[in-house]
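Let me begin by presenting the structure, written as structure tokens, before commenting on it.
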Amino acid sequence: MITPSTWEIVSLLLDVAHITFIILLASAVLGLLLGAVLTMINVKNIPVLKQITVVISSFTRSVPIIIQLFIVYYALPPLLGNFGINVTSMSATVAAILALTLYHGGYLTEVLRAAYKAVEKGQHEAADSLGYTPTKKFFRIILPQTVPVALPGWGNALIHLIHDTSLVFALGVADIMGRAELIAASSFGMNQVQVFLIVAAIYIAVTFLSDGMVRLFEKKTQKFKLDSGLKAKRVA
Amino acid sequence: MLNMEILVDNFFGILTVVPQTVALAITIFILSILIGTGMALVQEYNVPVLKQVVMLFKLFLRGTPLIVFIFIMYYSLPSIIGYFTELMNLDYNASNISPVVILIVAVSLTVSSFQAETIRGSFLSVSYGQIEAARSLGYTPFQAFKRIVTPQALVEALPEFGSAFLVVMKAISLGFMITVVDIFAEARLIAASNSYYVEAFVVAALMYWGVAALVVKLTGKYESYLVSRT
Amino acid sequence: MLAIQNLKVSFGDKEVLKGVDLQVNKGDVVTFIGPSGTGKTTILKCVNYLVEPDEGHMQLADISVDFKKIHKKEILQLRRNTAMVFQQFNLFKNKTVVENVMDAQIAVQKKSKKEAYERSIDLLEKVGLLEKKDEYPSRLSGGQQQRVSIARALAVEPDVVLFDEPTSSLDPELVAEVLKVIERVAQTGVTILLVTHEMDFARKVSNKIVFMEKGHIVEQGSPEEIFEQSQNERTRQFLKHYYPEAIELMAVHS
Amino acid sequence: MKKLTLSVFALGTVLTLAACGDDSASEVQADGDVRTIEVTVPPTSKNLSWQTADGKILGYEPDVLRAIDEKLEDYAFNIQAVADSAQETGLKTGKYELNVGGFYPTPEREEQYLVPGEPTGRSLIKMYVKEGSGIETLEDLVGKKITPFTAGGGTLQVVLDWQEANPEHELKLEESSGDIPYAQRLKEIDDGKYDAFIGPANLGQNEIIEELGLKVVQPDPIYVGETIMLIYKSEENEQLMEEVEQALKELREEGTLSEISEEYYGEDVFQYELTKKE
């Protein structure tokens, strides 16, 4: 029987790495956008919409990803079909991206909301008192202070997302984990530990990059120290 | 169309494993906090060698998908333990080690690497003045840590802990691969026996959602209780 | 130039202002005194709508508003014609000292960066903090932060500057440096509304003192009228606790 | 609590509507044209059905499907490999129209899906035990440790049925999702962690035992059953079911199924007599 060598396994896995990356990148970006929108609705206290964000966030945070993947891939198309929207041709990859976007967005809502709330009321009042429009206030004052607070949580959310991409295989997406399963199965699972250790190494490399990126952002955005002016009294 | 009868049946069927799932989650959750605190302390106090070990450990744990880590543990934990028992001349067949133990070890370790970050951040958020104040009143370092710093750090960490608990709840479902039965596993067992997959997943999703709602509510209550006391 | 009629504010079911009327002329320095929690700060925050009044009318320069049906545009107008100095300074933490002073000029007044910078440098020099211009607020002492905050307020050339207990969060030794700056501002002829517990200072810089209690204006008048000749029992009671010197002065007068 | 009730209701509605959307999957059909059928097979059950790293889907059942496809002029099978729980979830909601995967017939399956009367193949359930252990039948397993069963799989059902018929021999049964590969299972027999592994014989056991040089033997099958295919329940699929049934019948009679069996299992599974239902 032919069992592939370590290097053959590595190259077989790296062949499909781009699929994992596309899913990861797309759901990370879209999830961030979704999280931002949900947070906005949440902190602005828009009635009804706010309740919806709470439901989305609590559902996506608490239900196993695999069920969420099934809902999007299997339940959504017939559901939308009832409203005359035809998405039956949605591919498994698109469904995976959609499900992970919802999951990541829901998770980030908690992170972003907490970070937004961490900006003191005084900062809002100061900008308001000077006549900033809400948009100007948000982009010039509030957002730059929210980002550094949100970064560690965002970093964790990204790692969770990276881990969870390894489950999209269930829908038949040929990602890294999917191919790993196939390679292991082809030799009746005799080399499963070896294959999984290689998978682990690839994922560790990806999370290492992700953590590095977050740390870089932290350095860039946190040139000012976020302690209160009152605390500074002691410093001076 | 969803089969109502099956839904109700499934509800009570799956309900039976909720207590053990939650108990398992609580065990893992507490362990992960303990290990995470240990890691955070090692990093904060710059313990030589140990600090490097912890960093390497964290890199590995944060990076490895849990599904992979559980397998690695399943295959390697018995021989690791076997090595030690042999070393200590204990009469224990390590290959008899229960899958529940393997799951607890694997998930606790993985989650602890996230907890360490949370805990470190929350301790850093307690201002130095608080420690100074405690010292000035003659508290021993341990007393200051226990009575002053920890309660304040806890307030800071609580929302993250809530999230971590939900992560643990979901993570346990991967234990099915090594025969540990939780909410999701029971749903799949029932589905596999009666082929009503959609019904089983609906019920399972609601169970998770319900537990999560409860957890969020409880942490919220506890948080406001802690806040009201500080 | 600033006229307020029948201003009413409540927080939940607690009435904070129970119908306040106030008249301020251009160049006035009006100081609000009175026990804590009587609505002094609230009046200031109504002027720039940081607190939403239940009802009342206000005329500020050429802006006239009915608080019951105030428009978003009117709120912005009010805020653009006023500036506030806060008890907690509230400097923008993500901006350096000079950026704090510049930012509203750019974001609100649409000035060029260069113009804003030059004006900011000028103002920082006046408050004596030019050498700190590139520091972040967290590196400054409270007194320094408050002086920057005053420069920031003046930078937008407001019709009225609102000082909300500007020295209450400061260590005693830092109060003087801030008061000195406020005094200089007062001398430039800009209209000022001030809430403070520094009675000596109020007496020295104000041309009008407003004594408030429980959401009402009890008495208003020149510093002499309030601090030296007040016949009002409640005013005298308050001063007895917070400014015993006034009682001595009154004794002299009567 | 109110929020929770509301959420339950919302989710229930979503999924009910989803499960009701009958017609969406079949819209693909156009009269007179070849209708494409979405068919799923398991991806990691080597010899029964598996997908190679470069995407080829191989195995007994995929080949049977291809043979059927060749016989049916009005249909074209689009075969894809997805995990087991996804297979049945997708079939229930109409995403897929036909599943194979070594399924055993059960009343619940026949209630929910269209099941052709003709089986796709035979499933042999064998016991794998350590050389020289003397275990030959299920009765010998009393007091022994049996490897956990694939949850809800046919194997478990077979053993449960046997247990019901033979309550005097009480066995200790455990379940798992079955993701533990057979190689590991067989090694566990070899090193004594378990005394017996019971499972369908079509998943490469012989190759593993040979490759790893395990001291594991297999007595005669403890059960021989039929495997079926599941078809999404809709009116137009009844025609499909009949044609598939006919095709399977022909394939069995022509000996094609036996040939495919020889190719993947090294023996003709149709030579074994079906275990009688008790």
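By letter and in written order, the chains are A, B, C and D; residue numbering begins at 1 in each of them.
Here, contacts are C-beta pairs under 8 Å (C-beta built on N, C-alpha and C of every residue); 3 or more make two chains touch, one makes a residue touch a chain.
These numbers come from a predicted model, not from an experiment.
Asks: Count the smallest number of chain-to-chain hops linking chain B with chain C, moving only between touching chains.
Replies: The least step count works out to 2.
Asks: Between chain pairs A-B and A-D, which one is joined by a greater number of C-beta pairs in contact?
Replies: Looking at A-B and A-D side by side, A-D shows more C-beta contacts.
Asks: Based on mean C-alpha positions, I'd like to know which chain lies farthest from chain A.
Replies: Result for the farthest chain: C.
Asks: How far is the middle of chain A from the middle of chain B, if each middle is the mean of its Cα atoms, in Å?
Replies: From the centre of chain A to the centre of chain B is 20 Å.
Asks: Round to the nearest whole Å and give the separation of the Cα centres of chain A and chain D.
Replies: 36
Asks: Between chain A and chain C, what's the gap in Å when you average each chain's C-alpha atoms?
Replies: Computed from C-alpha means, the inter-chain centre distance equals 46 Å.
Asks: Express in whole angstrom the distance between the two chain centres, defined as the mean CA positions of chain C and chain D.
Replies: The computed centroid separation for chain C versus chain D comes out at 79 Å.
Asks: Which parts of chain D, given as residue numbers and ranges, touch two or more other chains?
Replies: As it turns out, chain D has residues touching two or more other chains at 3, 7, 11, 15, 18-20, 85, 89, 92-93, 180, 184.
Asks: Which parts of chain A, given as residue numbers and ranges, touch two or more other chains?
Replies: Counting only residues that touch two or more other chains, chain A contributes 58-59, 66, 70-71, 74-75, 192, 231.
Asks: Graph of touching chains, which shape: line, ring, star, complete, other?
Replies: Basically it's none of the tidy shapes, so other.
Asks: Per the touch rule above, enumerate the chain pairs that touch, sorted by label.
Replies: Pairs flagged as touching, ordered by label: A-B, A-C, A-D, B-D.
Asks: Using the touch definition up top, name the residues of chain D that touch chain A in the complex.
Replies: 3, 7, 10-11, 14-15, 17-25, 27-28, 40, 43-46, 50-53, 55, 80-83, 85-86, 89-90, 92-95, 180-184, 203-204, 207-208, 211-212
Asks: Quick check on the complex: what are the chain B residues that touch chain A?
Replies: Per the touch definition, chain B meets chain A at residues 59-60, 62-69, 71-72, 75-76, 114, 117, 121, 127, 129, 159-160, 163, 166-167, 169-170, 173, 184, 198, 201, 204-205, 208-209, 211-213, 216.
Asks: Quick check on the complex: what are the chain A residues that touch chain D?
Replies: That would be residues 1, 12, 54-55, 58-59, 66, 70-71, 73-79, 81-82, 86, 88, 92, 169-172, 174, 178-179, 181-190, 192 of chain A.
Asks: What residues on chain A touch chain C, complex-wise?
Replies: 120, 122-123, 125-133, 136, 140-141, 144-145, 223-233, 235-236
Asks: Can you list the chain A residues touching chain B in their complex?
Replies: Against chain B, the touching part of chain A is residues 58-59, 61-67, 70-71, 74-75, 107, 110, 114, 152-153, 156, 159-160, 162-163, 166-167, 177, 192-193, 196-197, 199-200, 203-208, 211, 231, 234.
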